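Common to both upcoming complexes is chain A, partnered first by chain B, then by chain C.
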Partner chain A sequence: MPNQNGSVYGLTILSPIINDERATPSHDLQIRNYLATVPTGEGSPFALAPGTHLARLVVMDDVIYVGSPSIEEHLHSKYLVFESNCDGDLDSYLLGLATAVPQHLDAIWSHCVGYPGAANPQAFAAYMKACQIETTFYFAAVNDKSVPETLRALQTQRAVSDFIARHQGMNAALLQAEFAQFATRLKSEPLPASGSMGPLRGLKTGGRNE
Partner chain B sequence: MSKLNETDIQGFVLRGYNLPFARYLFLHFEDSARARALVGRLLPVITTGQRWDHGKPQSTANIAFTHRGLAAFDLPEATLLSFPVEFLQGMKDRAAILGDTGINAPEHWDKLWLDNHVHAWLGINGQSPEAVDARCSQIQALMQETGGAMQLAWQDAAAIMDDGKPTSREHFGYTDGFGNPDYLGVERSTQPGQGKLMPDGTWAPLATGELLLGYADEAGELPVAPVPHILACNGTFMVYRKLHQNLATFRAYLEERSAQYGGGMEKLAAKFIGRWRDGTPVELSPDWPDPAIVQDPNRNTNFTYGADPQGTRCPIGAHVRRVHPRDAFGFNGRLIDRRRITRRGLPYGRPVPEGEPASDAEDRGIVFMALNASLSRQFEFVQQQWIEYGNDAHQGNDKDMLIGNHRGHGKFVVQGDLSATNPPFLCTHLPNFVELRGGDYFFLPSITALGMIAMGLVDPR
Partner chain C sequence: MSNINGKVYAMNAITPMKPWKTWVVRAIFFTLGHVKSLQQDLINLSFIEFARWVVVPRQRFPYLGNGQVKEDLKYDYLLFFSNFNGTWNQYIDAFSAVLSNGLNLVWRWSEKFPGSVPVTLFKEYIARVQFDTDYYFTAYPHATANDLKSAHIVQASLDSLVQRAPNCTPEEFRSAYLNFVIQVQAHLGDTGEAPVIF
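Entry: the complex of A and B
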């Protein structure tokens, strides 16, 4: 079934961007401008709202003609593309977004045709579903676990790796006692915040290197 | 693919000379006409790729230019601007992309590199220090006669000797210099494991365009190159990196950690790299070094990792497995065929035998030079993704154990099994065993291109 892969929902939304010649800067540029400043990591709206594995927002101006033998074609409108791999039921995911981060959603989607605003979560969800198209491809790194399960797994992986580093070579009896304590402590640790377990990369990326 | 025109290609590109002594001169051009005159006088001195039917010469000489160096010849703007952007920027401006930060950041480099005055690299290799001196004096005389260049600095390098015989060991004690790729059209005694892996498990030469400009690369495309074509053709790009080795730190770390490792010190040293210190591939001989394999050209680079997906023989993060993953990423190794580089270089500084006191502060390391058609696609990718990051190797944020910029926080996982002598082991708090002390990107032109530069004939129209 499209849109659903195991427990993961694949959401793809194409929202037409308002085409108003009098708007300066144009609505598409205003979206680009806002997207350029949206925080990533723990401050990301998709970390503040529940249920997102990976989300992506792209302004699609047009299809680009790359020369013969392709055929020159154009879109009727500029579109905002929203792709998300998220947990479970679509309605509760959309309502969760509208409840948690309405100011971000409004700043982005208010430049789109027919957007009702996020103040009324039901209207927001209905609008998004009206713009939805089928998803058939998913982000390969998302497995069949929920976001909380994934966060817990990452936390466990990191903690166990640290435990091994601190305890390797210890005699078996002492190690077992230490491990029992560690396991109890780990179970009672709070779930790490969404967006907090990403890679710590000091490298500048981009260009033709990735 | 016919044979390449070896007399038009600088010899340094086509073969590792295997000459034990070297001096690299760094030149600055002050006047374009005089600089061109110097290149004209150097033309008959430059060593080409022509085969040495009468034995090795006493010495060789090769030359390469930074983008600023090419600009100093007053080449046409349209030519200068047509070079790939990473070469235009130079290695210093690529520091953030390469992970050359912290202690490896340009502000800590040798003074030579700080003010962007290096215009040319002139590499001299020789059979003896006297042969290097003689060739150097000959070239310095030409520089003086023409007034074509100022010598800013030089770097001496030499193979580490064993009873007066040159070895291919570096300062940490590892035998180095295995496994440069083979390329179509380059005449060289080839051996299995040095080209690209074919679906039937054999090895074939890489496309010429992975090394030389003007030829099809592994994608069947011509590499990005400057105009005119004749300036680029038979040329290549060279990375020069002076890598300082913290010998005391390395020895202390290995000794301290191996005290807790069931396989012992030499095995842990071998796990770091993926080769025992004598050069035996760990993948082929996981429990002990085997000189018979090292001596056998049909075996010493002939292995894959497909049967060792867990890294219990060769750790997944071992240096050689990271920088030349062979089939480790699946798809018969095809994902790596456009990420190969050809390495040149020699150690510099006084070697210290095992057991004698060593200090990090002494000037000691390796001059690393890499040749490739695309600096960004080949060298920079390997440096960024496979040395300074671990995702492709499924090692998370872990960096290359040996040359990663760890800053004391690095981690390296030695995968293992249930046996007492091959246990899983974590190396933590990795320091920087190697530090970058400077370098740049150079264009190594063909003999024809050098002639065109000398005669002022470069015309992009």
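Entry: the complex of A and C
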């Protein structure tokens, strides 16, 4: 199934935006205005709801004319594109969004044709599926790990790096004891927040990267 | 609007295709999806976290009634969405240098596609068919695709050592620990703020 790669799901949704000449500002602009205010870090609706690796929302104004001799044509509607790379089962994912962040979903999709609201998660999921386009080819660099597993692994990577640096040349018995404590402590640490930059480590980054 | 969040760039592109050519593209993607060895170049471009191509047939743009006017189009459209690390220029340059045959195979069916080599015309085409992202989220803004792969390698190695450690004598543990360090030493690159882009 092209929407799925391993345990990761490639969701592509095109929701037609209400085309109302009397609306001021227009519905597409209202979506853009709202999206400009939504946090993109750990306060993001996609961080608060479970299961999103990466996601984007894009107002597609029109198709693009690539020049003569191709035909110039235009869409009747603008579309809100929702592209999400999420964990596993689509129904669980959509219901999870509707349950966790209904106010954000309503603020965004209420400008789209036929949107039923997120108060009824089943109706929300059915609406999203009606707007879904099947992905033709889907590539995922890591396709067998969930979001919590990946957040945990990144936390482990950082902790292991620090542990190794601090325990060089230590005698075997002490090393074994310290390692056992380290493993227990690491296991009990809370999962880092999705969308967060992680702890600041005081290392310098930067430079030309054009 | 931002195409960038932390270390990831969101690219969106849309290109028109004559409807009969859509079937060729579908056949190519079907083959690519089922013959994993053909994906090797894409895997080797290890700065791509997720990417997808979506064919939207001209009569399949979602139509929900409620006053929406049905689309009346001559072309089918190929949508391309990519989530990659690094800059736009680095990405297009690498695509052109490493995947030129594959890209030509996919996009030559789109109207006016100039080919992925030479890169200057290719960049001009991509810039024309690209549209910007209004909102972009990543669960791991501080990490690249390689960081994610490395983190999972470190996690698996650590889990294995944790399981083994209680049954080892101190000397056996030291030996296992050194093996662990050797296994993970190339996967401990630091994550954090993205480099400043001038």
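Simple rule for what comes next: the second predicted complex is superposed on the first by the 181 of 210 C-alpha atoms of A that agree within 3 Å, B and C clash if a C-alpha of one lies under 4 Å from a C-alpha of the other, contacts with A are read in each partner's own complex, and residues count from 1 in each chain.
The working rule: a contact is a pair of C-beta atoms (placed from the backbone, for glycine too) under 8 Å apart; a residue touches a chain by one contact, two chains touch by 3 or more.
Owing to the predicted nature of the structure, the values given are computational and were not obtained by experimental measurement.
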First, second, both or neither for A:160, with chain B first and chain C second: second
Of chain C and chain B, partner touching more chain A residues: C
Which superposed partner A:191 touches (first chain B, second chain C, both, neither): neither
Which of chain B and chain C A:180 touches, first, second, both or neither: second
Contacts of A:126 with chain B and chain C, given as first, second, both or neither: neither
First, second, both or neither for A:169, with chain B first and chain C second: first
Touched partner set for A:55, first chain B, second chain C, both or neither: second
Touching both chain C and chain B, counted on chain A across the two superposed complexes: 161, 164, 200-201, 203, 205, 207-210
Touching residues (chain side chain A, partner chain B) in the complex: 161, 164-165, 168-169, 199-205, 207-210
Chain A-facing residues of chain C, complex: 1-2, 5-6, 8, 10, 12, 14-16, 25-26, 29, 32-33, 39, 42-43, 46, 48-56, 60-75, 77, 79, 81, 83, 86-87, 89, 110-112, 125, 128-129, 131-143, 145, 147-152, 154-155, 158, 161-162, 165-166, 168, 170-171, 173-174, 177, 181, 184-185, 187-188, 190-198
Residue numbers on chain B that touch chain A, as the complex places them: 85-86, 96-97, 99, 101, 260, 376-377, 380-381, 384-385, 388-389, 391, 396-397, 411, 425-426, 428
Chain A - residues contacting chain C, complex: 2, 8, 10, 12, 14-16, 19, 31-32, 35-36, 38, 40-41, 44, 46-47, 52-61, 63-64, 66-67, 70-71, 73, 75-77, 79, 81, 83, 85, 113-114, 130-131, 133-142, 145, 147, 149-154, 156-158, 160-161, 164, 171-173, 175-176, 179-180, 183, 194-198, 200-201, 203, 205-210
